[in-house]
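One structure is given below, represented as structure tokens, and several questions about it will come after.
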Amino acid sequence: MEGFLAQSINGLALGSIYGLLVTGFNLLLLVGGIIPFVYPFVVVICMYVTWAVMGATGESLLLAIPATILSATVLTVLMEPLFRPLAKRKAEAQTFVMAVGLSMILTHIMALHLNHGFPVSFSASLVGREAAIKLGLVVVSRGQLLTFLGTIAAVVAFMYLLYRTMPGRAFRSMAQNPLVARLLGIPINRSAVASYGVAGVLGGVTAVFLAMALGTAYPILGENLALKTLAVALFAGMGNLRGGLICGLILGMAEGLATGYIAGLWSNAVAFGMIMVVVILRPKGLFGVKF
Amino acid sequence: MSLAFQNYIITTIVFILLSWGAYLPLRCGQLYCGIIYCMAGAAYFCGYTTTALAWAPWLALVCSPVIGAIFAFLPALFLKRAPGFTTAVASLALVFILQTVIMNLEFLGGKVGLFGIPQVKSLLPISVGFFILAGILLHRLDQSRLGRAAETLLFNRDVAASCGVNMDSMGVFLQTAGGALSGVAGAIFAFNVGGLFPMAFGFAFLVNVFNMLFIGGSLTIWGPAVFAPILWGIPLILPKAIAEFKDVIFGVLLVLVLILKPEGVVTKSTVRAVISSFKGWLVTTRFL
Amino acid sequence: MEQTKDEVLSVKDLSFAYGMVSALRQVSMEIRRGEFVALIGANGAGKSTFMATVLGINRASGGSVCFMGEKITHRPTDRIVASGICLCPEGRGILPEMNIMDNLLLGAYHNRSNIDQSLSRVFRIFPILAERKGQSAGTLSGGQQQMLSIGRALMGIPKLLMLDEPSLGLAPLLVREILEILHGLARDGQTILLAEQNVRKALQYASRAYVFETGKIVLAGPSEDLMKNEAVIEAYLGGSAEV
């Protein structure tokens, strides 16, 4: 029983990170009009930033976290002008191809130039394995607690931005009807860049939590995360924010439990199985394609 | 002919066949990653039958397009109507599912890999033969009613539907044909390298094919045919220091092409221009 | 470009073409403060294209547009809207997945300092919007959606309010109600430019009108004169002498 609970808690922490990843992904999808396959790669390369800053400043979290968030934001925003001509053409599949190309560049940098391609590990102060809460015999580590609470906070802040502020309303209008948004005088280009920025901030936060949860980063992680993010987004319904969050949690839980009970390699297949189920039975996703 | 040069030609042909396999579903707007799992399926088929079952290699080679087509057909029944992107992701998922399945099947070598595939002595002429055959078939297909129907689908689904083009069967047909081409590519690949790893049939392969197809030209069969040798040749002739950055260079090229000339470098008009100038040259040299 | 103090919108020889198609051909007009002007003409005559070109959605291929004394001809749309032109597009242009409140607030994107005031004004004019403000805009009827569209435009405190075919798809009673509201707004000083296929109704409420045909203005003048004009009667008012 404790094993089950421990796996569930692990899964919950992991799932909340997936949820955050999918949220950033969906934001870029909806407002940017692109398939941001490269987004998880940006997140992973910013995990390297966390590692580098912590290494250079003697494990200073205070410097590493803002540095990570800043680099994620800058990197994501830098990609906006590349995607813009394709988004204007509404060439969705082409944005996927471009994202794949960009992700290869990022993977190359990680595999050949960062730490000579070896995995990087994060110090114990970040990972936080000490116990924070004890529920009977089950221990929730500080890292897991922070991750879970932190992602909740990030999601709440994001939803507030999206539903209660003017820029958020502008984002939603662009996602629902770009022409009407333009008629209303919403500055389309500037808002698109802003949405990339928000996704970048979310990505930086995700990178920090990923570092906490996984304790390590390596070049292939980008590819793994990108495929899982895609799986969750498709399964929930592309662009469905709430669905994406829920399904991210489900995937995390499924993986957490699967690694405990099913042989390792098959647990990845869970994500891909989800995709196939969706495509065959409910092509619009579990919750439907909507905002 | 040096072994390295032979290898270069065979590898180029493998990639051209794969690109053509992706080119076909792209004619009706579907981005199809199934070329990888059809290739993997056929490659492992050839590997297994020639090692464990001691088949003659030529038999396996001949069966390879059929195997590839079978691997493509069943998913095609579900993917036929899917919009371009969903096809891409679903077929990508299948690539990884197949990878995982192979990794867990001991009789196919599992994670370690399948080795000892017999060498085929005349692999080079056989590959060239398949290449020419496929090229002719594709060329005829493009010029045929079927090909032009597919092309209308690419540009305007509604027009195509009103002209009586059956989108479903078109999708299934193109994906299956693409699978067959990939099957041949897989067989040639298997006999060329002699050993198969499941990890090879994944993302990296796909990215290379994308590069060739989208940089070379996705609207005509000449695009990948011209660019595959270039893209594979460049790393061989460039100094090692630059060749290391192959991925970055191709990635940048891909991004540039998508922004500036999304149809790719070689388009129908390019082909026509080349042909007419060639004809002009013929006239001046022959009949002057 | 010179403009008299009273002129809100001044258009000179405005042209727009896409490819080989000439959609607007040297259109000129002036709209003064507080006027209620109509653009009348058949479907496809160029009224919507004209409004879109003024707003900068279409890039003018010739001529100029002056708004409040400033040349806005090739300015980006968001700057034009920010300077005070609001459009209620054809088909209402509301966002059905958002609620009414959000739709209205979006109208105030460029005028955030007066949101509460603008909201209470809009709710006074259209009480139905206040009643259903939390509901999604897609649940509104056609007439209510038109009210939402106008309300949203008013949230921007526009110096020029443009409406494209507000009567489309609405029952005659509703059309009258909406036009009465517009009339009231004009009386309070709102400058209004109305594009309408319903020529009779448009000429009833607007003081002046321009007649569009195949992208050109073929006739212009006060509404009473146009209502008695034989060509107008022939083409748009049923062809009988009865008005």
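Should a chain be cited, it is by its letter among A, B and C, assigned in written order, with residues numbered from 1 in that chain.
Throughout what follows, a contact is a pair of C-beta atoms (placed from the backbone, for glycine too) under 8 Å apart; a residue touches a chain by one contact, two chains touch by 3 or more.
Note that the structure is predicted; figures quoted are calculated from it, not measured.
Number of steps on the shortest path from chain B to chain C, with steps defined by chain touch: 2.
Distance from each chain's C-alpha mean to the overall C-alpha mean is smallest for A.
Across the two interfaces under comparison, A-C and A-B, the one joined by more C-beta contacts turns out to be A-B.
Most remote chain with respect to chain A, judged by CA-atom centres, is C. Distance between chain centres (mean CA atoms), chain B to chain C: 55 Å. Per-chain CA centroids place chain A at a distance of 44 Å from chain C.
The centroid of the Cα atoms in chain A and the matching centroid in chain B are 32 Å apart.
Residue positions of chain A touching 2 or more other chains: none. Per the touch definition, chain A reaches chain B in the complex via residues 35, 82, 85-86, 89, 91-94, 96-98, 100-102, 104-105, 107-109, 112, 223, 227, 230-231, 234, 263, 265-266, 268-269, 272-273, 275-276, 279-280, 283.
Here chain A touches chain C in the complex through residues 166, 169-170, 172-173, 176-177, 179-180, 182-188, 190, 290-291, going by the rule given at the top.
On chain C, the positions that touch chain A within their shared complex are 55, 57, 76-78, 80-82, 86-87, 89, 93-95, 97-98, 102, 105-107, 109-110, 112, 152, 156. For chain B in complex with chain A, the touching residues are 29, 31, 78-79, 82-86, 88-90, 92-94, 96-97, 100-101, 103-104, 203, 206-207, 210-211, 214, 244-245, 247-248, 250-252, 254-255, 258-259, 262.
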